[in-house]
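First subunit A sits with subunit B, and in the next complex the same chain sits with subunit C.
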Partner chain A sequence: MLLRLAWRNILFYKGRSLATFLLTFCAALLLIFYAALMQGSHRTMLHSNLGIYTGALQLQHQRYQEEGGSEHLIFGAAHWVDLLRRTPEVTAVSARLETVGIAASRLASGAVVLTGVDFSAEADLSALQKALKSGVYASEGLCLYVGSDLARKLEVGLHDELSFIGSAPDRGFVAERFEVCGIFKTGLYDFDLNYAFLNRAAFDTLFRTHDTASVIAVALDDPLHAEAIGARIAPLLEPHLRLYPWQELLEDLLQMLSLDKIFGYVSLGLFFLVIFFVVMIYSFINVSSRIKTFGMLRSIGMRQRQIDIVLLLETLILSLGALALAAPLGGFLAAWFELHPIIIEGIAENYKSYGIVSDAMPTCFDPASILRQSALILLLNLLSILYPIGYLRRFSPTEAMRHV
Partner chain B sequence: MIRLCRVNKRFYPGEAREVHALRDIDLSIQEGEFAVITGPSGCGKTTLLNAIGLLDSISSGEIWLDERLISALGEHEKSDLRRDRMGFVFQAYNLVPVLSARENIALIMQLRGFKPQQIEARVAEVAQMLQIEHKLDALPARLSGGEQQRVAVARAVAAKPSVILADEPTANLDSHNAALLMRMMRRLNEEEGITVLFSSHDDDVINAAKRIIRLKDGALC
Partner chain C sequence: MRILSLILCCFAALYGLDAAGIIAKVEENLRGEQVYLRMSMRIVTQRHERTLQLESWSQGKKRSFVRINHPPMERGITFLNLEGQMWQYVPRIERTIKIPPSMMLQSWMGSDISNDDIVRQSSLTEDYDARIVEHNGSVALIELIPKPDASVVWGKVLSRIDTERFVALEERFYDEEGTLVRTFSFDAVKRFGRYHLPTRWEIRPQAYPHNRTTLLLEEVDYDTPIDEAYFTKSALTRFAR
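Entry: the complex of A and B
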């Protein structure tokens, strides 16, 4: 009976019902899409940032992370690379051996992190290959792949000669002349300024190393699982080794992401607040225009509680109806724009330092998040009817009937 | 059946604008009565009916229904008592605009949990008595004022209350419709034995009553 009364009210006051319906529908759709975009841009930022060079996890000697130094290396690296490659969530693994030294051209000199890499493994894991600006990416022999800012600092171009002096893991000195065969630019200034890469074969010959790595970088299909996966693999490692999740390696990034998240939540919160008040004012007008009828119903013996239920049911029906449309549509949009990202020309250029490497802004289709947003809107709508109900309760039946 | 003992009602007690709307009312209404409360405007007719109908609280005194002191009940009980024992007809805004005449009439019976077949039969019965059978599916907005009041009366009597309280039920009607409504209420009173207590200041309507209760300045006279 109460349900029928609620339903009839909805049908009778078509304009009002439609307005509430549309309001809820638009709010839910907007919210779902905004959340998907936020989540998507987050994921993209994380993916591309980690994808530049760091990876989601890094296997290191515990003291290497703290102190560095050529004595804290991973020996027998191939075994660990193998183990990591066999882990299901792992998408790419690359063993790197870094050494610090001084590089000099005819005109300038400076510090450099010379890193021996397997160029083909690196291509799967990092953006090094994609960051190629001129020359070639993978080269053999004494050929270097140099960061663009480092090249500028050392005043070298393609095919110029670069001398290097540094120490080898066996504490010997290494001095060699290289040719600049490729120049890369990732957009991360510190990286482009300090790093030069050499193929592993030449590196091992030169530094007399074998099957050694300072860092084994690991890419995952979902970087957010880094800590959990790290913890899962940890028991298989030798005690002096540790898998560092990106959260520990890139504290800046973590901070930036949480800042971004907070900003997102604040704007969502404001959004919610606006919706809440709009819906509330609307329901208030709705209810107060019907005070006389409610007063009459109270007078003839309907309990206030039953009238409350009618009002709640009205809101519930309209909200659920609107959500039943908005949630699938929002989900569809989220899924669509995940596959066909929104392209905003120029954002990659402007936000390079944030690790955004493309103009595409994909959304993230996450059913759990859609359910959450829908539940929130429903809750908000139900809350927004509480004030009008409270207002109505202040009237005695006769006062309500006399209300103008 | 209904007994009022020294009932007083003051609006804004203690304030400068205090109104003493009912003064020491001692009144008793027997079962099956058809009584009208009359008196000049502002004499307290509405206030008295609202007091008996437990719609407004009284300042002092007692109201009894059968052997039960009903003026001291809590809100919930008052609400349930209105639903179960009383039928109300107001001057206007009697009907739920979103429900058809039939659903309006059935409303109280449904609130009281009557069975659907029972409701259907009873609605048909009262609709016939009040000559609104052909209007049962119409929404209130499609009914004339007289028809609306007859639907209101039908709703009030449908669940067979002990008493019908009607505050100026004919005030918005022309004399023809007013007389018609009074005839029908009187018939209900006689055929179903329902006690009817209503207010009016229209002589034709007053003369249709079996008993006349006169109020002046909140007191019986």
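Entry: the complex of A and C
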């Protein structure tokens, strides 16, 4: 009976019902889409950082991460590469040896992280090969694969000469002239600005190294399990070695994403505060205009509690109706723009230092997230009717019937 | 009583003068007016060992020229120190590099001495106040504290000196917090004309107990005139080969 009464009230007060319905619908749609966009952009930033170079796990000397230095390299790297490759969840492994030095062209100079890599192993693990912009990816001899921003900074192009000065792990001096044979652009600004790669054979000859790595990067079939897999492999490692999961390696990025999420929800929260008060005011006006009616209902024997339930049911029906439309539509938009990302020209250039590597801004279709956002809207709407109910409770049946 | 006070004052004055005088004499022994050195530098780390062979020409405190002769990868690298500024020429890439002040504390050629050690050898007498801490027979322990306005690297240097031959036996370098950073040990003192010079120097950094750098002076020639051409920028390329 109460449900029927609530339904009839909704149909009778069409204007109020439509306004509440539309407000709820728009708010839910906006929240679902905004959350999907935020989740999508964060996921893209994370995947870019993970997939471009970092890998899901990195094996390092425990002191290399903080101190660096030739004393903290991994010696006998092949053994650890084999061990990691034998782990079932591991899809690719690459041993890298990094050194920092000064690179100089005829016109400019700057710091560079010169890294000796096995180009074929890197092709399976990182996005280095896919990031090839010009020239060749895997070269031999004294040929460098240089980041596009580094090439621009040093004012070099393909086949130009680049001098390098640095030191070898044995602390010896290293100076050599290279040819720029390939230029890559991953979109990760810091990476493209600082890194240059050299094939491992030439690197080992030049730097007098053998079977040595500063970092052994590991790709997993599911990076979300990195911590668990790392913990499982850890007992097999020598005490001075440690497997760092990407959550630790990209700690700064994760913190930045969390902060961004908080700011996003705070700014959205202000918007929802406005929506909440608008819905509440509409409900309040509606209840105020019906006080006489509620007084009559009380006088013919209806209890205040039943009237409260009728008002709650009205809001519930309107909210569920709006959500029944908004959630699928929001879900559809999230799914559509996940497959066909929104392109915002220039966003990657403007926000490159934040790890945004592409102008494409995909959303993320996540049913659990859609349910969460819908539940939040429903809760807000139900809360918005509490004040009008409280206001109505102040009137006795007689006062209510005399209310004009 | 007055005589005792006078004696104490004389001792204090004498000790104050002695400390600076001793350091000055040690530096004079080290450099002469001009000196040519041929030496080998053995650099040992936990996993690696390498030996450089080099020659050095220096005139007084402010001018010096160094050439690396071995190993082949580093052969021909030259360094020029003029009035506290330092240049390096790398023949492999045919470039002359001015070592900026920010790199002065960097290791020199991967050893345990820094670029600053090469350039600012005179700073012990100019930038530090010296005081004798202990005098035991012919060996004095001298504490060197930076002068208030001196821009120096070390917070304190303790130098143990043979005051008969005026050669350093050991030098300990402390940072501003008073933590020992590295130790220089000197031995195999030989006489070259009127100068005494330790011909074996060992440098041990405190932070890396496995590391050490040993300098062996193989040929020393004091006060034979050195061609002025060594102390020009063109020398970097000219004498690289």
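Here is the rule we go by: the second predicted complex is superposed on the first by the 263 of 404 C-alpha atoms of A that agree within 3 Å, B and C clash if a C-alpha of one lies under 4 Å from a C-alpha of the other, contacts with A are read in each partner's own complex, and residues count from 1 in each chain.
Assume a contact is a pair of C-beta atoms (placed from the backbone, for glycine too) under 8 Å apart; a residue touches a chain by one contact, two chains touch by 3 or more.
Please read all numbers here as calculations on a predicted model, not as lab measurements.
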Touching A:75 in the superposition: subunit B (first), subunit C (second), both, neither? second
Identify the partner contact of A:247: answer first if only subunit B is touched, second if only subunit C is, both if each is, neither if none is. neither
Which partner chains sit in contact with A:300 here, subunit B, subunit C, both or neither? Use first/second/both/neither. first
Which partner does A:87 contact after superposing on A: first (subunit B), second (subunit C), both, neither? neither
Can you tell me whether subunit B or subunit C touches more residues on subunit A? B
Answer with first, second, both or neither: which of subunit B and subunit C does A:129 touch in the superposed model? neither
First (subunit B), second (subunit C), both or neither touched by A:173: second
For subunit A, which residues belong to both interfaces, subunit B and subunit C? none
Given the complex, residues on subunit A that touch subunit B span 1, 4-5, 8-9, 11-13, 292-293, 296-304, 306, 396-398, 401
Taking the complex as given, what residues does subunit C use to touch subunit A? 43, 45-50, 71, 73-74, 77, 90, 92-93, 95, 97, 107, 109-111, 208
Which residues of subunit B touch subunit A in their complex? 50, 53, 55-56, 75-76, 79-84, 86-88, 90, 93-99, 103, 107-108, 110-111, 155-156
Across the complex, what residues on subunit A touch subunit C? 70-71, 75, 104, 163-165, 167-177
